[in-house]
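For reference, the structure discussed in these notes is given below.
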């Protein structure tokens, strides 16, 4: 029995995948607390799709994928900011137009150079086949993200909660905005490898949303989200051994299940607690 | 116009999905030919009461009836109209003034909402009544604050509604439009309709309303202005939120020995001290007068 | 020269692609006008991803794939609404959680059920591979959706513009809400074969934005949106015939190009118009 459960761990590629997934899951979950509070959930989705042409070009040109992806991610964010500032269009519509355009560009590039990139790797992730070079890139991205978050989390929290107050205190709000956007793009790039473009938004949103249901303290929220993100990523990556390599699917399904449990049973903000309060009120 | 109208809110309790109570045991009855102000601080449940009367929120307890029938049925007869706050409307929406007024007629049209001659006539007439005929082909975002409000009033007129709910009708509106809206409301009252006006602007309530309902998590009191709009009731409704000034003399008018009391919530008044008098500061179009007076004061 | 340009039309698959593309473009464009105005642009994103588990389950049960797709797309919208109404999490976050959850679940069961479905075709569509039965299905679903939207276009517009008023004149706003969501789900289903899950979002957002930039009445907005979408799908399919590039990608890029042109040159809302107005005089500010 135990032997059977340990089978996946006998393969080096599985151990690597599990560890890398856990790292990325933790970093994304940390960031997800800021993203959900700032209301940037769809920005995460948008950036994860917008990095695709960068990845394609990087692979075609033989450059580090993270650099290309990061660049197009930021380009997309700037594009959204520009169109939003210049038109009366709603923000969500602008996000939709820009990220789908970038994704389409990526799709066309990949279809023109089918041999250098595998589309499915980008869209669905392929952590089980990750190369050592890619692991290095992810490790660097994670380290930088964690360092920045660790040093500036108070400023970023204030920025997410009340940008005007942050400005009044003399903080550079533009710089904070840009920092958060950059971190988002960077983690989206890292998460692309584990869960793929379609599911990046989940690891950048679900842990934060779950923790938000469970606590009212930001410190606790970060702790819960990070634990949950790391835990589900480790277990999900392990489980994907039995699910034909659908690592992203396993991780995100687990996360969603935990979110649903929190939604129903959370002590203060859960469905059952609210129902009890409602009945007590009438 | 033969049926006497009524709004009957009885023991209504509304809870939000998260279990918080917005309104508890609220009761409010209004008869035909009434302009009733709905007064209370932000978060007092004013808009919840509005939404419940409109049937947007379902009370956990109690019931709302219009003309002795459930809201839903009254709405099917186009009895109820709603004039939204300016902030609730997306002014970039690609519709013209005419399109908006026509929306007031949808309840009378067939399944495909194809306008008949009658609908066009009523819409044109309603637009004329608020003095907006010449703007009929403008996109709504190209109008001024006062004009925007008039368009939505015209929609309520086109709907031929007998119960009209107006949410903060005077915010962002010029003095002429304010006067025009008040005139229109009086005409509608004379025709036997019920108007329920949610407002912050305490000072203007006695100017155009005959009834008032004070809201603070419930309806504290309702009835004719002279009986209900009293210092004591207002203090109850507003608690410590209200600004409260007392003046022992005034130069506006010679008055009998009684003191003048000023009650206000967020419409902050400009008050001139000794030998001066009282003036609203936030009424648009009157800033000049206030300024001139202030200058005179300085010169003295 | 002319022969080369006309060559694509000699192939049946190309004619099928053009026909399917035109109907998909039109129905998506009409829906997109409502979505853009209602602020639901990303609801299209959510529903399109959420159809995956429905397709897989329908396949496993031997039910029509379109039915499964429609069901799980709608489930996503309903769940999003329910969780949002009953928790303190923001709507966009809830949407992100729900649709990715469903998509992930779809992926997991896809790997467990041996299918001859092509995941690539579900994700990216395959407009040049549309056969007769696909074409009939697309035309049927797309056509019915288009007819329903156009018949109810005034009610839907009122619902998007001022749900309060819609309700006060006795319209069933709850019904309209679910109707619009169902139409959206049906549109996604109709577009799957042609453009796939991921890029249907573009079809559901960009045309509406183009129409919004160019027109300030709803009728013209609809016409311009549909026109630009149909043009993009036809020319996208045409271009990809010659270049071998991904057809869905080409379609969306052409749409983006049209959007960029509208953004710059739109008579009232374009960048140049804004600049011109500012230079000429102060624009008519809505005054008190």
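We call the chains A, B and C, going by the order they appear; numbering starts again at 1 in every chain.
One rule holds in what follows: a residue touches a chain if its C-beta (ideal position, glycine included) is under 8 Å from a C-beta of that chain, and two chains touch if they have at least 3 such contacts.
Bear in mind the structure is a predicted one, so any value in this text is a computation, not a measurement.
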Using the touch definition up top, find the fewest steps from chain A to chain B. 1
Please identify which chain has its centre, taken as the mean of its CA atoms, farthest from the centre of chain C. B
Taking the mean of each chain's Cα atoms, which chain ends up nearest the overall Cα mean? C
In terms of C-beta pairs in contact, which of A-C and B-C ranks higher? A-C
Provide the C-alpha centroid distance between chain A and chain B, rounded to the nearest whole angstrom. 47
Between chain A and chain C, the Cα-mean centres are separated in Å by 25
When the centre of a chain is set as the mean of its C-alpha atoms, what distance in Å lies between chain B and chain C? 40
Going by residue number, chain B touches two or more other chains at 17-18
Can you list every residue of chain C that touches 2 or more other chains, as numbers and ranges? 86, 88, 212
Among all residues of chain A, which ones touch two or more of the remaining chains? 88, 269, 274
In the complex, the residues of chain B that touch chain A are 13, 15, 17-21, 60-61, 92
Listed in rising order, the residues of chain A that touch chain C in the complex are 36, 39, 41-42, 44-45, 49, 83, 86-90, 92-97, 100-101, 103-108, 110-112, 119-120, 123-124, 198-199, 201-202, 205-206, 208-209, 212-213, 243-246, 248-253, 255-257, 259-260, 263, 269-271, 274
Touch list for chain C against partner chain A, complex: 35-36, 39-42, 44-45, 49, 83, 86-90, 92-98, 100-101, 103-108, 110-112, 119-120, 123-124, 198-199, 201-202, 204-206, 208-209, 212-213, 243-246, 248-253, 256, 259, 263, 269, 271, 274
Touching residues of chain B toward chain C in the complex: what are they? 17-18, 54-56, 72, 75-78, 80-82, 84, 88-90, 93-96, 99, 103-104, 106-107, 111-113, 139, 141-146, 148, 155, 159, 161, 172-174, 284-285
Chain B partner, complex, touching residues on chain C are 37, 85-86, 88, 151, 154-155, 157-158, 160-162, 164-165, 167-171, 212, 215-218, 220-221, 284, 286-288
